[in-house]
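See below for the structure under consideration.
In this document, chain identifiers A, B, C and D correspond to the written order of the chains, with residue numbering beginning at 1 in each.
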Amino acid sequence: MEILNVSNVNKRFGGLKALDEVNLSVEQGHVHAIIGPNGAGKSTLLNCFVGRLIPDSGSVTFLGKDLIGAKPHEINQIGVSRVFQTPEIFGDLTLLDNIMIPTLAKRDGAFSLNAWARVDGLGEIRDKALHMLEDVGLAEKKGMIADSLSRGDKRRLELAMCLVQDPKLLLLDEPTAGMSRADTNNTIDLLKRIGERGITKIVIEHDMHVVFSLASKISVLAQGTVIAEGKPEDIKGDPRVQEAYLGGAHV
Amino acid sequence: MDAIVLQILNGLDKGGAYALIALGLTLIFGTLGVVNFAHGALFMLGAFCAVAFNHVISLEQVVVDPTKITAWGTPLETRTPYIEVWLGDTGTTLLNYSVPLSILLAVPLMLLFGYVMERGLIRHFYKRPHAEQILVTFGLAIVLQEIVKSYFGANPIPQAAPDVVRGAMDLGTLIGFDPGTIVYPQWRIVYLFFSLGIIGSVFAFLQFTTFGMVVRAGMADRETVGFLGINIERRFTLVFAIAAMVAGLAGVMYTPILPPDYHMGMDFLVLSFVVVVVGGMGSLPGAVSAGFLLGILQSFASMNEVKTILPGIDQIIIYLVAVIILLVRPRGLMGRKGVMET
Amino acid sequence: MLTKVTPRSDLLMFVLFTLAILAMPLWLAPIGAGYPDLLQKFAIFGLFALGFNILFGLTGYLSFGHAVFLGVGSYAAVWSFKLLGMNPLPALLFSVVFSALFALAIGFISLRRSGIYFSILTLAFAQMSYNLAYSVLTPITNGETGLRVLQSDPRLLDGSGSDTGPLISRLFGIEMTGYSGFYFCAVLLIVGFYISQRIFRSPFGMMLRAVKSNQNRMSYTGLNTRPYTLAAFVISGVFAGVAGGLLAVTDPLAGAERMQWTASGEVVLMTILGGAGTLLGPILGAGLIKYFENIFSAYNEQTLHAIFSFLPDVIEAPVVSIAGLFVGEGWHLTLGLLFMVVVIFLPGGIMEGLNRISKIFSRSKPKPKFTSSSQSAAAAE
Amino acid sequence: MSNFRRPINRRSLLKAGAASGLVLATPTIITRNAWADTNFRNDPTNSKSVTFGFNVPQTGAYADEGADELRAYQLAVKHLNGEGDGGMLNTMKPLSLEGNGILGKKVEYVTGDTQTKSDAARASAKRMVEKDGVIMWSGGSSSGVAIAQQSLAQEMGIVFMCGLTHSNDTTGKDKRRYGFRHFFNAYMSGAALGPVLEKQMGKDRRAYHLTADYTWGWTQEESIANTTEGLGWETVNKVRTPLGAGDFSQYIAPVLNSGADVLILNHYGKDMINSLTQAVQFGLRDKLVNGKNFEIIVPLYSRLMAQGAGENIKGIYGTTNWNWSLQDEGSKAFVKSFGQEYGFPPSQAAHTCYVQTLLYADACERAGTFNPAEVIKALEDHQFDGMGNGPTLYRGADHQCFKDVLVVKGNENATSRFDLLEVVEVTPSAQVTYDPEIFGGELGPYKV
């Protein structure tokens, strides 16, 4: 079943054509990787999915709902979560708070004037958040201030913040960039485990090791257009892809 | 028609003053990222450089005549400035030019003060939240003005412009109006050209010198410049000193228009912030255009014809314009994204 | 506040706070602040700062025009006195309604921008209100002289003209001046503190901290930041409105100068001085500034000579003249120095100072960084 | 009267520490009874001294004026206690004071800062009443603040002797039984100026008003316009300017071509200094309009304003309550006494505050009690002389003093830096007296 449909999306920045008639179809339960050289428009495309950018033309639908013009929080509320290239977390709050906030957002919706309850009385939410922290291996740091985490831990925290919401579609913008090999492998394991929950994922990634360990389908973006699409093994051998990368990556 | 020309002239004149006062403030915002609530106090210190200079050169020789008694019971004193006693007519001329001459005092003094202030205080607040910058600079402003008050008192101290530019001049005759219709104070015209000159120099300095290029690069991206091995810190100190000097010069030259008192900085503080924000944080051209825009609009809003239709409009025009501009243009006229938005 | 925050510790804090406030006439008397008017001001400005802190301390939005709600609350209360009579309850209701409406309107527009742009928008609205109230709105505000209750006002519930006594607000026959006025304000301060405490510990409060921390993440987490900030803005506006209403209740007069930018700046200073984002800090800051304003300004040469009379004359004269720079007409200087000293050495305000002191006494306790609840981290700031 | 009002009898902060326990322990029943008809708040009967409160602007634009007021008050207290040369106690007629304090009690005082803000002034006054136990307070430099304190005085039952306040409202629509004003007002300024303006500028003039946009400005504009229109002058325009505008050029520029030949500045303090300085810079004084010299009038003058405006005041007409150059015995005695204490002559603000303090003290002495109801009656319709303004009446109907008004102009040949104003004419009090009914208002009860 198709979960996300992108058709004929165009986006210009001044004279630069960032996205040129992009078409994409993401199937439920798949891990769909988007690869391509720097400046190919990968992040721009992701921004069009979450309401950060509005395409000049074309349509983006998620489970039949039009995403264009919708606000970021509305898009999240219908089941799309995103991990950023540089982790976006609540830096001055504790790890536990960082997880509890998305948990509450899932339960109470985009706004709730819940000023009379006590956070420390929210047993169920708290347990769920603690559980999530354990899942990503941050449980013993739950009382720490998020800004004091290492970069890798911050990424894991952000991932946990998205996962705790049980999204239908998870967008990952270079989830392992800047991580050590060991951390990268941990993250791959983690993402695979999520796969078992049936969360559809779109991954932007440079690291082909990550791409080929995770992806069930790959789209290659170059200069704003999709130049190739298919299963990992097909893409590996595609000459257009190799040309696009000019041997710059270990394909 | 002549009324409108007069108000445009007045608006330019006001705008020049606003732009000049806001210039240093926006320079500090843009380069150092510091919200400087002591900027009004720097303006006031500049004005008091003129007062102090005048005090010094008009130090009086006091001749006491014990045979005559004043009404309040003290011996009669005859006072003559030393400078006139020593230099005669030259001394009188120097006294007459006290305000422009005090620039000579204000430039080194304000540069030094800016340097000390940045090294001693501001530097430690670059990374601190804006709220704390506000508190510490506001505290400094109060301290400065109280020191000035304890020495000079609270009452305004008049400073006269030199005789040659003290009166008004008939500008209308130059552009074909009837004599006596477009008459404008000469000192205000001097001030307008002075502010244009200072604004121009600051722009030229930033545009055409290597120093200026580094500072502009630093305004755009501080970390990168740091990576290039350039000591941006020291340059920022100088930028702060220059900003203090610009504020001080604005103050010196403003004294004949507005007799200075210790509180004048606070009176200008809010206004200069509005100008800077309407122009867009950290944008020099923005601050200058906002200064002129607000000046001209304020002049027009004060016209009787306008006030009869919209009573009280002259009282709120500055703020009303600020609200409208900020709603239409989120970062003011020329602000950059992400500056002072958190 | 370094220990774990629990419902129990909050209750303890609330009870201690209540006792401390109610006993203020006793323990403030030795430092010369135990007289009704200043006690009322402590309570009222404490409430004002408490409300401001809900906006600024939690969301980080620095309103530079918050005094407008203080002014609106005062005007609304005095109009209630004029129209309905001297009962403080309808007056406070008026204050709440009007300050909430103003806050809703101003917040709706100003919150479209953030950072310094937000600050300037709020400042602009407050200055417009102040300038208009002082001049062209005189029929509503009575301009410079200030709005007062007159014998000729309708006062529907009191019955006009039947009462020729002084026009003082009364609740069930109790005059809202003097110590009874203070206790009325104190009760509202305690209620305000309770509400503030609940908000701090609630999911709503956590969301407000999230706004301060990272708005981007918030919206990608499915939370709409605008209603959160607007709700915080209105709540804190209503706190200010009630404070303004109380100013009118204890002294039935409302003047435009309450809305001037200096008044808005004052509450910012109170909050930061005490410690923004902490529960008690803003109240301490408010108390300190009001104490300076009323007590330090009252010293004069005569009182200084009396204080230093134990010194020999040779020393006394210079000591008095130096001390004179900082009190009486120089009290602003002391205030300015205080701001600088606090912010340079105690970035977290007075509360940080208190925390450091309490740390010295409790070195043996475990590190505070690993608290198990989110709230303690913020409360310990 | 409610049971909740308790008079607090602590005199000074210094003693507060020791005394606080006692005060709190005072049984309510006693204080309740103490608040009977013959008693009053802060009754000093059982004390060896009485305390006055001097509430003056110590911060803000009027701080220097406040400082001068405070000097005068300190001098007045000295004289009342029999120290110094006695000043106007030597010239005051009739005189009941004996130089031994008041009713045998030594006079002490406390001070406070009004900040020239109503709220701050009332807070400071309440401190004096509630904490320091003052029996009277005085001071101030602005009408709004004076009116705010006056109504507080009525609520508190403590007499307030106004400092410098010039609005008609103070003793007009906002008059209070517990408030008294020695200073003159806008109406009297207008009435006094009229004849002089007629003599100096003729009957055919066109006047342009710039008016500070608040109540004092409006009452002065009205009073002056009534006078000048009575002379046959035409009023070209009345323009309201924001308080504290700083730069008034946008309001002054249109005057040039309005056809007016007189500019009337209804500004006070810094506003007046700025608008006058700027008007002169616009060349208005050098202008010839309709064949006449353009003139500027500043209806209310003070020495501090004259100092602030410097050269620009030369030849400009206005009125003042008192000037140190007056040659009557009272003025001479006061100037000498003040000058010897502080080294320079007093301002009109200092004078009015000094006189107010003496008048209050004298009224207590005459009433034989500090009970405000009796003191007020002693002040009402009291006639006196020798206080620098000639024979004066404290009118009971509105608590306004009626005395001669000085029309002055900026001195063109000053002999010293204090010699700024030249007295042109002393308008006799009969010419400035008016019917109290014209301003309405209600004084309120004697007992509160």
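Going forward, contacts are C-beta pairs under 8 Å (C-beta built on N, C-alpha and C of every residue); 3 or more make two chains touch, one makes a residue touch a chain.
Computed from a prediction, not measured in an experiment: that's the story for all the values here.
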The chain whose mean C-alpha position lies nearest the overall protein Cα centroid is chain C
Separation of the C-alpha centres, chain B versus chain D, in whole Å, is 35
Rounded to the nearest Å, the gap between Cα centres of chain A and chain B is 52
Whole-Å distance, C-alpha centre of chain C to that of chain D, is 34
Multi-chain contacts in chain C, i.e. residues touching at least two other chains, fall at 131, 135-136, 332
Multi-chain touching residues of chain D, meaning two or more other chains, are 63, 67, 213, 240, 242
Expected list for chain B, residues touching two or more other chains, is 315
Chain pairs that touch, by label, are A-C, B-C, B-D, C-D
Within the complex, chain C is touched by chain A residues 50, 71-73, 76-77, 81-82, 84, 88-94, 96-97, 100-102, 104-106, 108-122, 142-145, 161, 165
Counting only contacts in the complex, chain D reaches chain C at residues 2, 4-6, 8, 12-14, 16-17, 20, 23-24, 58-59, 63, 66-67, 70, 109-113, 117-120, 122-124, 126-127, 130-131, 143-144, 147-148, 151-152, 154-155, 169, 174, 213-216, 240, 242-243, 442, 445, 448
The answer for chain C against chain B in the complex is residues 56, 60, 62, 109, 112-117, 120-121, 123-125, 127-128, 131-132, 135-137, 261-262, 265, 268-269, 272-273, 276, 325, 330, 332-333, 335-340, 342-344, 347
Listed in rising order, the residues of chain C that touch chain A in the complex are 5-7, 198-199, 201-207, 209-210, 212-214, 216-225, 227-228, 231, 369-375, 377-378
Counting only contacts in the complex, chain B reaches chain C at residues 35, 121, 124, 128, 130-132, 134-136, 138-143, 145-147, 150, 266, 270, 273-274, 277-278, 281, 311-312, 315-316, 319-320, 322-323, 326-327, 330-332, 340-342
